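Scrolling down, you'll hit the structures one after another.
Common to both upcoming complexes is chain A, partnered first by chain B, then by chain C.
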Partner chain A sequence: MNLNLDFSVVLERWPSLLDGAMVTLQLACIATVAGGAIGILCAIGRRSGPPVVAALCEIYVEGIRNTPLLVQIFLVYFGLASIGLQLSAMTVAALALTINVGAYTTEIVRAGFESINKGQIEAGQGLGLSPAQVYWHVILLPAIERVYPSLTSQFVLLMLASSVTSQISAEELTAVANYIQSDTYRAFETYIVVALIYVVLSLVMRAGFFGIGQLIFPRRRRLGTPL
Partner chain B sequence: MGGSLNLNHLLFLLQGAGWTVVLSVLALVGGGILGFAVALCRVSASRAVRLVSGGYVQLIQGTPLLVIMFLTYFGLPAIGFRISPLAAAGASLTIYVGAYLGEIWRGAIQSVPRPQWEAAEGLALSRTQRMTRVILPQAVRIATPPTVGFFVQIIKNTSLASVVGFVELARSGQIINNSLFEPFLIYSIIAVIYFVLCYPLSRLSRRLERRAGQGRGQTLAPA
Partner chain C sequence: MSPAPTSATGQDPAVRLSDVHKSFGTNKVLDGVSFDVPRGSVTTIIGRSGSGKSTALRCIDRFERIDRGEITVCGHRVHEPSLDLRALRLDVGIVFQSYNLFPHLTVEENIILAPTAVKKMPKAEARELARRVLAQVGLEEKLHAYPEQLSGGQQQRGAIARSLAMQPKVMLFDEVTSALDPELTGEVLKVIEQLAADGMTMVLVTHEMAFARGIADQVVFMHRGKVHEIGPAAILSSPATQELAQFVGTGL
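What follows is the complex of A and B.
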């Protein structure tokens, strides 16, 4: 075997790799925020909505969780095109990732809701909190604080999964890698470098989520223990 | 170009679904063997073994499966290894699944209550006996629901084998679409087939989880 690796031709392309990494992070951020919001709304819908809404939310969650992201991306891409909407690959990618992570977030937040002790809710009511206040202070915030670690792992997985959007030519990191390897014929080196960039990105995201967690959950910061 | 969706197309899709199942089982078996080794390494007495296996898990869990697929299918031939699409997809999935199952099973092993470890040691069982006779039988019960749940992830992830040209369900859909050009219809059918494969397993996983929860609740109640 004649191993002769040359990483320099790949590393020379660092500006486009950096651009790709930025697009990946951008996709991940959009889908995290939008998908997180959808997930929380659907979890509330499943818990407290009228039966029709709860059923719709469940169909959404089960439908997304039991089909591959690749197929979902194609469905959004061609589905929007067939009703005459021509959106850019980036928009479709962000939309598909949002729909996808929304379903997983719903399931995680729902588990958080189920972990709230009934006595807590009764105590909140007994203290004269309004229903909205009980929902916010006693159910929603503590539930999210409890499932925050699972949520953040899900969002990191989402960032990695965004590589699949290269298949509809969204210009994120994996698409950049495909381009570089077809240009330099250095497939092995290219994908090794890109894999390492993804590892770095996931570490960055984990660190970011840890910091955000410290900021928004002061109780956890003070006591250093999970709820 | 031309024609409409007919029985032959559906049979072709079902054949693709068959390959999806084959690849999923391959990945589960290969990844299971690797994952079992990783789980044991992660709780090993040797610090070096723990560090290396932990590094492997961190590395794979920080890399998209798609990039691993590209690395094996396009990267290995570039440095002189010929590899078929099935071998590339199987190897990538094995490496990927091994890291995740290893982590799930490490959690299961470590959640066997501490007194069980101590009791086994107190009975003068060797390290191997303690693992095989006391810890693993209990860990298997804890690990079953999440493992079934992860099998659903494996089935969905085999769709990425389509990008290296392995003709499983997603790829056979693309092939049919190239001749019919009815993407929305065809991908909807494919989504339904994936759902039919995955949903029963999701339900099973949830049921097992509930039952295991009850069982554990009962045994731990006196403590």
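What follows is the complex of A and C.
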């Protein structure tokens, strides 16, 4: 075995790598916030919406969960182009990732809803809370608290999966890596460095979610229940 | 069986059930149930599992809709589709067997949620109220505890305090001690006895026969979806029907 690694030509491209990492993080943040909102709304739609809405939410979730992310990205990319919408690769990537993670979030939040005991809801109703107040205080907040660890995993997974958007030339970390390795012929070194950067990004995201969790779920903080 | 006469003051009863029918599918759970609960009095509903006693209680707070008959609670015509559900629930407090404190909120937050969200009470005032109702159930020191940090008896007392904070005119208790061991049962029953002494109108479904006898102004014995026997607590000592005699014989 003759392993001859040279990281210097890769590392001297650190500004591009940093840019790529920031774009990846940006994509992850947009998709987390927008996809999280879509997921919560669709979970509510599936649980309490009129049959048509519930069915549409279900079709959306199953459609996304049973097709590859890359194909979804191409569908958004070429779909928008075919109706004459010329959006940047970055916008398309953010859109596709949002649609994707929204479906998975729907499933996770729905599981959270189902874990809420019927007695809890009746207790809220018995106190005179309106249906919307029951939804917010008795169903949504405790459900999100309960599935928060799963949501964290899903959003970190999404950040890693965003590497696929390099296929439509979104300038995220993997796209930058592809460019660097074709330029330097140091493919192995490039992807080692990039893998490490992804690890750091994952840790940053987990730390961020942990911090947010501590902030919005005081019970976890005060009782030391692990998130 | 005809409804019991209204209270001596001549007021309408706090709760009146008239010929209430309710089925779940083909299963007839309430088969013409009628009784009155005079204001300021305590009615206990007893009977075997499946006799319809919990369903009767839940119908009072419209957790179940009745098929036929009439239920009037503090002037609210519960059986009518036009019922103002929110107004009904402001007048009626209900406590369940499984406590149902909200797990993500402290005892204090559990108590102030409804007063602030429903009655728009200022937070400071609601906190003051929380202290007061917790003192009433002997749980002042658990103000900032989470439900999971409390024993079953403490959780149930917290749930009673949460209900009291809405200052209901009628309190319903649905087998509130069934999940508790005898010692914890005692501390919850003491709280309920104090409420009775304070003149709260209450309807209790209970399996605690000694308690039912001690606290009740009126006992309703339900059997197969009907009010089989109704009267003062004394009917438990001298049952008129064989079914009640049998039930008391096994229940005591």
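Criterion: the second predicted complex is superposed on the first by the 224 of 227 C-alpha atoms of A that agree within 3 Å, B and C clash if a C-alpha of one lies under 4 Å from a C-alpha of the other, contacts with A are read in each partner's own complex, and residues count from 1 in each chain.
Criterion: contacts are C-beta pairs under 8 Å (C-beta built on N, C-alpha and C of every residue); 3 or more make two chains touch, one makes a residue touch a chain.
None of the values given here were measured: they were computed from a predicted structure.
By the touch criterion defined above, A:L56 lies against neither chain B nor chain C after alignment on the C-alpha atoms of chain A. Of the two partner chains, neither chain B nor chain C is touched by A:A111. With both structures placed on the common chain, the touch criterion links A:L75 to chain B but leaves chain C unconnected. Once the two complexes are overlaid on the shared chain, A:L41 sits clear of chain B and of chain C alike. Applying the stated contact rule after C-alpha superposition, one finds that A:Q167 touches chain B and leaves chain C untouched. Contacts of A:A195 after superposition on the shared chain: chain B is touched, whereas chain C is not. Judged by the number of chain A residues each one touches, B leads among chain B and chain C.
Once chain A of one complex is fitted onto chain A of the other, the partner contacts of A:E145 are limited to chain C, with no touch recorded for chain B. Put simply, chain A touches chain B in their complex at residues 1-3, 5, 62-63, 65-72, 74-75, 77-79, 81-82, 160-161, 163-164, 166-167, 174, 177-178, 181, 185-192, 194-195, 198-199, 201-203.
Per the touch definition, chain B reaches chain A in the complex via residues 58-59, 61-68, 70-71, 74-80, 152, 156-157, 159-160, 162-163, 170, 173, 183-184, 187-188, 190-191, 194-195, 198-199, 202. Chain A makes touch with chain C in their complex at residues 117, 119-120, 122-130, 133, 137-138, 141-142, 145, 217, 219, 222-223. On chain C, the positions that touch chain A within their shared complex are 61, 63, 86, 89-90, 92-94, 96, 98, 100-106, 113-114, 117-118, 146, 148-149, 159, 162-163, 166.
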